[in-house]
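Note that subunit A is present in both complexes that follow, paired respectively with subunit B and with subunit C.
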Partner chain A sequence: MNEIGNKSPSVMLDHVSKWYGEVIGLNDISLAIEGGVTGILGPNGAGKSTLFKILMGRLKPSQGAVRLFGIDPWKSTTPYRRIGYVSESERMYDWMTSLDFISTLARLHGMSREEAVERSKHVLNFVGLGDVYYKEIGKYSKGMRQRVKIAHALVHNPDLIILDEPLHGCDPIARTSIMNVIRELGLQGKTVLVSSHILEEIERITEQIVILNNGKLLAIGNLHAIRDLLDQHPHRILINCENPRDLAGLFIASEPVYGVRFPDKGQLEIHTNNLSAAHDALPSLIVKSNQKITSIENPDDNLDSLIGYLIGGINHG
Partner chain B sequence: MLEGFDISDSDIDIAGKQTRMEVAYGSGDGDEELTAVVAKREAELGAIFDQSYKQWEGVLGPRWMRNYSIYRHHVYGIFTSKGHRYYHPFVRLTILVIFLASLAPIPLLFFSSLLPGQDGDFLSKMWGINRYNLWGQVLGYFPRNLCMWPLLTALVVGGMISDDRKNGTSALYFSRPINRFDYTIMKYLSVFAILGFVIVFSYFAYYTSAIVFRGESWAYLVDTLPIFLSGIIAGVILVMTYTSLGLALSSISQSRFFAAIGFLSIIYGTKIIALLIEMQFDTTIMYILSPYDCLAHFGQFLLGLDLNYEHPLGFSVISLIFMNVISVGILVSRVSSMEVTRE
Partner chain C sequence: MDKKGLSLKESVWSQLDRKAGAIIELTIRQLRHRLSTWVVLGVGVLIMLLLLAFYVDSVRDGFESIDNDGDSVDEDEDGYPLGQEIKYGHSDFDSSQYPGVGKYIPVGEIDGNDLLRNTSGNYSWFGQGILDPVWINMNYTGNEWDPIINWQDEINNCPEGEAFTDWALEYGSACIYGNGKYVFAGEFQASGSVEVPMGYFLAWGIYTDSFYVEPDPISMYIDEDDINWDGILLQSSQGFDDDGDCTRENWSEDSDWIYVDDSGEVFDNDKNGNGIICDVQWILDGEGNVIEINKDSNVDEDPIDEKFMGESSHRTFIIGVGKMAFVILLGLFLPLFLSLGLIRDETENGTLHYLLSKPIHRGEFIIYRLLGYLTVTGTYILFLSLFMGLFSSLLGPGENIIRLSDMPIWLGIGFATILVLCAYGALFNTLALISPKYGIYVCISIGVWEFVMGILTIANPNWTISAISINHWALQIIDSIVLIAWPDTLQLQQMSLAFNLETGLDIFWKPPAHTLGTSNPLVSIFISIIMLSLFTVSMLGIGQSIFKNREIM
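For the complex of A and B:
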């Protein structure tokens, strides 16, 4: 396993671009990732799948260099000995039990029969399927199938794990379970790439994110650092209450609030340049208003808004 | 958290008889007379599984181990449900029937060895070892090349690659250290092995049992062995040609039905066209389009039989080579593009 260069980063892209005819899939992406969990965020069509296809050797970059552990994945299958990949759309052999399925895939990595069975049982226990691994995969729920996919990606103890939308279509319990698995893998020192178009999913798994939009790399780094940068931009807070106009009077006099709107009946939208300060001021103002508040939302706390601000920031910059 | 806003579960009896819905909406509201049947399940705490990941310190095996695994899991499906290629029980049953039918001369040989005198000799000539019977065991048209071998091939190659195309399960291989050459060659070998087992093994069993049942001597073995080996070569070429054609069809489609019907159409269609042209124009040249007839022609030459075809043997041999090369070319090109966009 160690015949591959260990000193190279797990993932390295150097000015990688990919065109589909006249449509651009990836636009001059350069990044290096080593260790821990990294969330690849972006709306549909942002280039996440193109990035993963390039990493998995299924697409050849139009320009630039891709290296996995220092090796070009288009030219060699050697890096795949150290990679576990979970595709979003991939099907499995539904007629097999998950134990048989995982152990046969372990054997595709060259494990002996006994090793394959033992290791398969371990990874199936790890993803929480220890009590159902003698059941056919066709009888599993969507969440259980996702966990089988993760188990088959882990069976050969990979150093780099690529998970394409692993939480897609899962129920809340399965989500929590898969998130725990991903976090644990990151803590073990594995390099894990997780794609999603839902910010809060990634937020619960990792702080290290890469944001893609229209094939461009918008941001890379710590999520909180990116959010702090965005605090300089206007934010909105939406409050559902009995009498929004009375509440608005209190808020407009408050320092961090520079504007208010009434988007609907019983709704107050506050505009602020300092989200943290506005949230600090909220409880005392609500108590002072003596009103019943049914909900407080941050409409800007999603990926679309984040990308919108980032694009705005780039344009302004 | 907002003041006076308590969302704790302290008042909810999650381990007792009261459900969350009862807590939420209350009970004893004056409607006690009314009854309803509801699916009521006591709330319980979920089990927390052991989520500790253990590193594996073993060494992954070499390329041949991985390739053997691909081969094994494609052949395995005939016997168990552990294979990567799923065989419907009816398909398995049909393959078993074809295999048993291919062994049909063996009990007749045994029967002939039990009968004394002229009856035994007659049956022995009917079913015993000679050039015609050895040729017929592999290349006879009815029933083997009309009913058995094409059907067997169609059933085996049907989903061999088309299922991977349809379901995207080839990604399971290509995201591992398995290249497309290994994938293709192991699929080819697994089909070759299954067809070879039924066609060539039944031929071998037939020859061996003839010697055993009649207690033949070494001299007999020396006389017949070259003919037997020629038959083996003919059988291997037949298995190879049918495998190439079948897998090429399987690789260009997402439907196992298309591959199976396509194969049968090629085998029967070309034969019928050639037969009609022969009847109309009194020429056998069009048989070079029929894979079966090319194989039969070459097989007759190998086993030293009189040739049934008027056109030169070379035409059939070139046609066979051409069919195999074209089929393998299609197979390789289609597998190269699986799961890959190569603009």
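For the complex of A and C:
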């Protein structure tokens, strides 16, 4: 069984669709994922959770085939021996300590009690909860709870780890720590699927992404390649400064900039169709202007614009 | 491969065992952290304590001897209880009739047409006539007839110059007729000669001396005629008249007083017609069970309460508690509170996915959850039944400090209740799976049905409709175990019916109904276990197939 499983990709979806009555959750998705961290990007309601629930055998695909290590997860629980899953649900048994919680769940993998406790301590240390695992989960912060969930998914040393919005609601410190954990898992050679609706989050973790929108597979591949495509398209840069009009004069003379706007007092909006070139030019222009710049934002550098661009691209294509 | 192959069997089993252990343990810990668990378990303990208090207060109290046949009363207040008057053949409604009282022996009489109309002597007289006395007993109290003439207060002169035949006297009076003679009408004692006019009647006789009979103490008539049965039926004729109110050893032969026996019928010392006076006839069926008890009048009517009533009431208490409190109440409420949410709550709380993302089949998962629930409720029931068993057997009647014969019954009650917990647990869990929202209402409706069917089963297990319930089969197990642990319960029940003794045993216990005509309680236990297990397994199966095909959001 294991041998056969090893030959098949960790995750394989073949023309998978899922309808909830009239509503489409997933629309004809075909994917194969093997190794490394893959970001599943998509706005809320794009079908990320539906995809994960289908992978975890919670939902039955209305059409198409799903295979985890070559096995249909709706029919068999065998793949779960090699899978760790972090769901989007926030609820846990708050009355348990994290060590208790994780070791209890570890025993469901057939570990002995001692083995389970040992492994649980190991993974709790790994996610950075080594000093609090005798505390009840109810007393944990959101970031700590999120890490308990991740630890529970790692306790049996799985080959495939699925994380549904693991950074959701975490403070920056927890966020960084969780991102490090995910990157580390990728480096260990595991297949990691991590979903998010925030581009920047995924960007800090991985380059390999899948973009979902309205249940459809919009893009799959390297994030930088996709971003490079995006760079060639109209983009805005928002600069907060003392005297926007002086700065605007400098920018308008610069090659990649084709327009400026003053959306608010002390704000300059630059329009460009080569984002990286514009960013390259930025530092020297700012020095030249001799102005105090409070912030530089890229309002179009987010998932929505990316998706908007991708949809546009598809439409044009 | 070989290495793996060798240890495969062991590792599969030990892994299964570990998974089961983990889920069972988790379930127990979850139940332990819920307030409703403690409330329902606490209420159960409270009910049992109340029942024990009731037992101490009324059942145990009831073992004090009571006069079951009512012959310790003394209606006429002559100092002799009814039982003693019955033995001597006297009425308890006439204070002049009592053991040892003088008896009237008739000597002669003159009726209206006899030719000879004179007689003399010292007698008790009754009738009308003219007395020429030598001596009159002014304190005469004999009362063979009434009324007695009061010689002191009611003596007047008779109407003068007229013959006695021309007028009449009222009964109970006399008048001076002249020449020291009296005309009388009534009863009296006197010595002398008597003349009876034509058309009048006179009878005379002798009253024997009364003798003193020591009145029996009332307590003698409270536990006076124990049921004579040693537990082994070798002959159909069993009882005999311990207290002598059937054989009537002191019966006055000439008493013509007809009275009723303890069952309100005309006294008959061979009422069962088996040719043996004052005995009890036990009629058995083919299997040696007593199906009827026929007794002669006043035999075996007032058993020793400690022995019979005490034993019967004690058994009634145990059977009643086992059926009502354990099977019907706890058997229903524990699953209603503790099994309904085994899967449903995990879904609602959003914690189910932790468990389902592990390599466990959903079907397996249901079984382990139910096992966790059963560990909690089963242990509770077992302890509670042993606790009740210990206390009631310490308090119960009998010579031993602990009634060991009660223990199998309590274990049987525990066992039957646990089977009910399995069946309801599987049923309620499945219903909550089918409809997480409305399942509870279906469960409550089923609970009402089960309660009614439980009561019906207690009333009459042979009503077919009651067999369409879980309670029915569990109650059958208790009925059957009672018959195994206390084989004489059937006899006790027949005795209470035959001797009109209200023990309640016939209300709470009936012989098991499903013995396939063998009357063997083991058959009934076997069938009941099969029925309950089949139900549990099929509910589990339905629950599993629903859960397996359910999409979990």
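Just so it is clear, the second predicted complex is superposed on the first by the 313 of 317 C-alpha atoms of A that agree within 3 Å, B and C clash if a C-alpha of one lies under 4 Å from a C-alpha of the other, contacts with A are read in each partner's own complex, and residues count from 1 in each chain.
Convention: contacts are C-beta pairs under 8 Å (C-beta built on N, C-alpha and C of every residue); 3 or more make two chains touch, one makes a residue touch a chain.
Computed from a predicted model, the values in this text were never measured in an experiment.
Subunit B and subunit C, once both complexes are superposed via subunit A, clash.
When both complexes are overlaid on chain A, the residue A:Gly130 reaches subunit B alone and has no touch with subunit C.
Contacts of A:Lys121 after superposition on the shared chain: neither subunit B nor subunit C is touched.
Shared-chain residue A:Val287: touches subunit B; no touch with subunit C. By the touch criterion stated above, A:Ser112 is placed in contact with subunit B and with subunit C alike.
The wider contact with subunit A, measured as residues touched, comes from B rather than the other of subunit B and subunit C.
When the shared chain is aligned, subunit B and subunit C each come close enough to touch A:Arg81. Residue contacts after overlaying the shared chain place A:His279 against neither subunit B nor subunit C. Looking at the shared chain after the overlay, A:Trp95 reaches both subunit B and subunit C.
According to the touch criterion, the shared surface of subunit A, contacted by subunit B in one complex and subunit C in the other, consists of residues 53, 56-60, 77-78, 80-81, 83, 85, 87, 89-93, 95-96, 104-105, 107-112, 152.
Subunit A makes touch with subunit B in their complex at residues 1, 20-21, 53, 56-60, 77-78, 80-81, 83, 85, 87, 89-93, 95-96, 100, 104-105, 107-112, 115, 119, 122-123, 125-126, 128, 130, 152, 154, 156-157, 173, 180-181, 184-185, 188, 283, 286-287, 293.
Listing the residues of subunit C that touch subunit A in their complex gives 11, 14-16, 18-19, 21-23, 25-26, 29-30, 33, 349-351, 353-361, 551-553. On subunit A, the positions that touch subunit C within their shared complex are 53, 56-60, 77-78, 80-81, 83-85, 87, 89-93, 95-96, 104-105, 107-113, 152-153.
Those residues of subunit B whose C-beta lies close enough to touch subunit A in the complex are 2-3, 46, 49-56, 58-63, 65-66, 69-70, 73, 81-82, 84, 86, 167-169, 171-179, 339-343.
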